[in-house]
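Heads up, the next two complexes both have subunit A, just with different partners, subunit B and then subunit C.
Presenting the complex of A and B:
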């Protein structure tokens, strides 16, 4: 058995990344250097990454921990954003401060999650995926159509910033630390939850619902809890997103593509792994917002007349790249690039593991006998 | 029975019914592919809608290669008006004859390359792979037809086939939709019920392991099921393109979801269920846009999907099944 992976300065990889992110704005030369090299500010981009990472954490609770495929997380993101829109823009009489709206958005999204989850969570896996997909589409159409409440495709704006201090709009750092702070708090919450009775019950449910039920766990209640927490985190991310844009944006910002993008992040990063969710979002958002524009710019410089042909732009290949990534991951590395040790063990029961994991069998696989032997092979 | 010439409530209602049934027959054709594949491997083939979309682009390319006008290309092309009825029918038949094997081959290839290696994997894996395949096919469609809606040659007219004094319209397009979809559905039903291969399909759907033990090559049967589903989607694509008049690389997603809703509504895995579900979805869409509002039809259809899944997950014609352990 190989020795456990070295961890930098006694921190976990996740802790190390958070520490680096916390320190990043304190060294303005990085920011200036990167800006000079690429023409875009990393400090402006990272808060968006943090918001999507928060959304990915929420989705991870449902898909990663509990094993329910959720294809409509964007709807709960939208509930958070529109809660911010309704309770903080001048169009309505509330105009509550940000610090009230932030938890309110999370609560509203969790409430909607409970409402949707209560009747639907007893459904089988792929039917549940369809219900969430359908719910996401219904939410999008509704947001577009009830113009009197949501202002249709214009979106509600302007959403009040947390403070009136001029630094809020001049400097990237206040929002950077706000979103990073929320993200770290969520990571701590999830870390503790993973080790708690509830977190272990979720994983038991994912691995074998029937067995978990026989052991006295209540699948309905557990799934509902996962749904509420996941939706709540998505709502929190939604409030932050709307605050950053100072608008709820077009309802198309909360469509199936957004949901599936987050699912892609989790699958590339590793289902059920917090580090995987964070790095998966960084990779894919980085691909979309940093790598693609740079390559497109380079192609444009090299072949100035390429713009007219869509297959000569890198953006044109985006869907194929994402699709191929999903297929290859599922085929060759279903545990993701940065897997949690338990999921990795589940999917490759015959490989040695660096950390002891209780042996668990997967329903259909033929590796059951090997799995019972644990990491011995 | 005679109707007043002025549109009354009932003539309008009957008109929505005709249009809805025509659209529904089209959706049913796509739904059949979903339901057959789900019935045999329990996989929601998200890529099915995009196979349908590629069929539309193939039909368009065939017509362009035949030298038909349209698409803003050069002069000296055949004018639509110069074509007689039989020439137009021949072109439609040619499109169908090429689009059906094309889409069948794509669907078979997807199964062979992507889904077959995942047959024993956890259920999430093929589902996520199907989404991936759907993305790739959409990208192919984007390169093939561009990001904008593309006009499809109007080979079938909007002429009314009914006498004018009924106040109703049954257009030549509607007749074409029924003329293509209904025979295909009947042929499929007969094929599954009365041929040896159809029997093998039903056996594989019921219990793949037992079917294999009885000497059925289940992998081949599953592959053929994918091919037949794809061929039906190809026929659906030609009919859709002729009926609607425009195609785009995103049309697979929306219509695929409508078709899947239809399959679930009728009872997934059941062929008559897919037809019934398709017709209901078509009616809902047309009644919805007439009596609720055009912009709400999408929400209405997905709302139905949720309600059906919650209250009767086995669909209208399905019988309750126990979860396989």
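Presenting the complex of A and C:
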């Protein structure tokens, strides 16, 4: 009996979303229509979503795969951005090209990750959370204070674009495809990693460190590897972010709020799930950057004299809405909106057990294996 | 020939407290040895210290020609020591098959691993039926079988078993002990067994040690211990 077809047109949800995103710029009527309706260019907004999704992928390696609570991912995002700032602006003599700075930012962030991780990863979960949180804040204040190196709250600018071609600044598409391309490459890398020996080892470690240790896994080394990879992806995102802003921006762009926002994206999307990280970011960034202004605009049309009455703007309420959504999520769908199949099984065993469990015939067994291994086919 | 495992004057513990004060024991190649003792006597701690998961504070652990006193847990597996820890610590979100593969994590001989997988499925047919299911969805007894099979996947010379009968139905306990005895008799695998069910443990084992508050207080042939009036009173409920 062939396993049931779960993927329309042989594409996973993730593949389908990436395909749609790849096709979007080819149909300018969408872009024009959305612009006419909302006054915003989706083509300009989406690269920011891609960058944060990349950052979320990095965080997901640490928090989702390996189960280490990391509350300072923004610091590694900053390392990437400031690598771009230092090696590509005219403030320094380097002025290296984008294609050198991009991997350099990732390496620098991974290096900082190793330096922070080596002495601290032996700490138990809650202590590690505090250390990463503290590191994030220290990084932000350092960036603010060593004005001679970082230009303080002015930020380093202008960061060189990847090319001098005029299309770079006139058209949203080059940067759109650059960021989407990096994101898709990262997704492919992570997909392979999840199925590899290393990926399984991370999950085993998250599930039961003692048992994993007894199987011959080296927890310290595995955690350090996760930390380095997660930080590296965050650094990559940081370079792209600074390139998009053409500046490292104010150090406040790399504060605790950003770190927590990304943790929220993962929780909403589903910890440990690539699709969850992507859609969690889309949902929350979309809420923040697209839906909030639209609602605000509508309210203003309704109540033209509302100016200054903060309770009449949605922006004033958006964090409360955010918090409420998170609480409801934890209560009714703790595995996130788009969980990995592994997590679904554990948190809703009653649903999972409704699959045939008692006498299993060989045919059904194969079907089940195929369903769970589905992503690997 | 020196014993396969030799533990001398072992001392270890957690935080400021020493739990093991003076443990001496040995396991010969091809032997099943059991440790019995009251709750909190230090049986689990002894196994964890021997395998390196808890640090040695004094004394010595020697295994198969290696000094393991300072060897971390992740390195002892490839030397031939496997452990099925207390409380069947399987990986609930990995499938049964992936759990078994984790047991062979340190091995690189793929065809032989595939071979051993089939052997485990032969020993525990239920694991074959459930191989695509998440480990956490197995029943308690099935999880215990998985934990033991996972430990066997490293092809150990010495298997450390911590309370394999915990919470299992009697016929499953019998089945598991039959398998252990069989692996010992046919493949010469040595076993260091910790078990609450002292009677059963002493029937399966060749020799036994009695632990009391971190010290070995009695050591003898299992058949002798089984008839010792002190043991009968304290551990066999007579």
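Here is the rule we go by: the second predicted complex is superposed on the first by the 345 of 377 C-alpha atoms of A that agree within 3 Å, B and C clash if a C-alpha of one lies under 4 Å from a C-alpha of the other, contacts with A are read in each partner's own complex, and residues count from 1 in each chain.
In this text, a contact is a pair of C-beta atoms (placed from the backbone, for glycine too) under 8 Å apart; a residue touches a chain by one contact, two chains touch by 3 or more.
Please read all numbers here as calculations on a predicted model, not as lab measurements.
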* To do: Considering only touches as defined above, state whether A:210 meets subunit B (first), subunit C (second), both or neither.
  => both
* May I ask you to decide whether A:138 touches subunit B, subunit C, both, or neither, giving the answer as first, second, both or neither? => first
* Asked: Can A:76 be said to touch subunit B (first), subunit C (second), both, or neither?
  -> neither
* subunit A residues touched - subunit C or subunit B, whichever exceeds -> B
* Asked: So, A:218: does it touch subunit B (first), subunit C (second), both, or neither?
  -> second
* To do: Go through the superposed model and pick first if A:200 touches only subunit B, second if only subunit C, both, or neither.
  => second
* Asked: So, does A:119 touch the first partner subunit B, the second partner subunit C, both, or neither?
  -> first
* Asked: Touching A:334 in the superposition: subunit B (first), subunit C (second), both, neither?
  -> first
* Where does A:50 make contact in the superposed view: on subunit B (first), on subunit C (second), on both, or on neither? -> neither
* To do: Jot down the residues of subunit A that show up as touching in both complexes, subunit B in one and subunit C in the other.
  => 210, 365
* Asked: Which residues of subunit B touch subunit A in their complex?
  -> 42-44, 114, 117-118, 120-129, 131-136, 138-140, 142-143, 146-147, 253, 257, 260-261, 264, 293, 295-296, 298-299, 302-303, 305-306, 309-310, 313, 323, 325
* Asked: Mind pulling up the subunit C residues that touch subunit A in the complex?
  -> 51, 53, 72-78, 82-83, 85, 89-95, 97-98, 101-103, 105-106, 129-134, 136-137, 150-151, 154
* subunit C partner contacts - residues on subunit A that touch it in the complex -> 197, 200-201, 203-204, 207-208, 210-219, 342-343, 345-346, 349, 352-353, 357, 360, 365, 368-373
* **Interfacial residue positions of subunit A with respect to subunit B in the complex** => 67, 69, 119-120, 123-127, 129-131, 133-135, 137-138, 141-142, 144-145, 210, 256, 260, 263, 267, 310-311, 316-320, 322-327, 330-331, 334, 347, 362-366
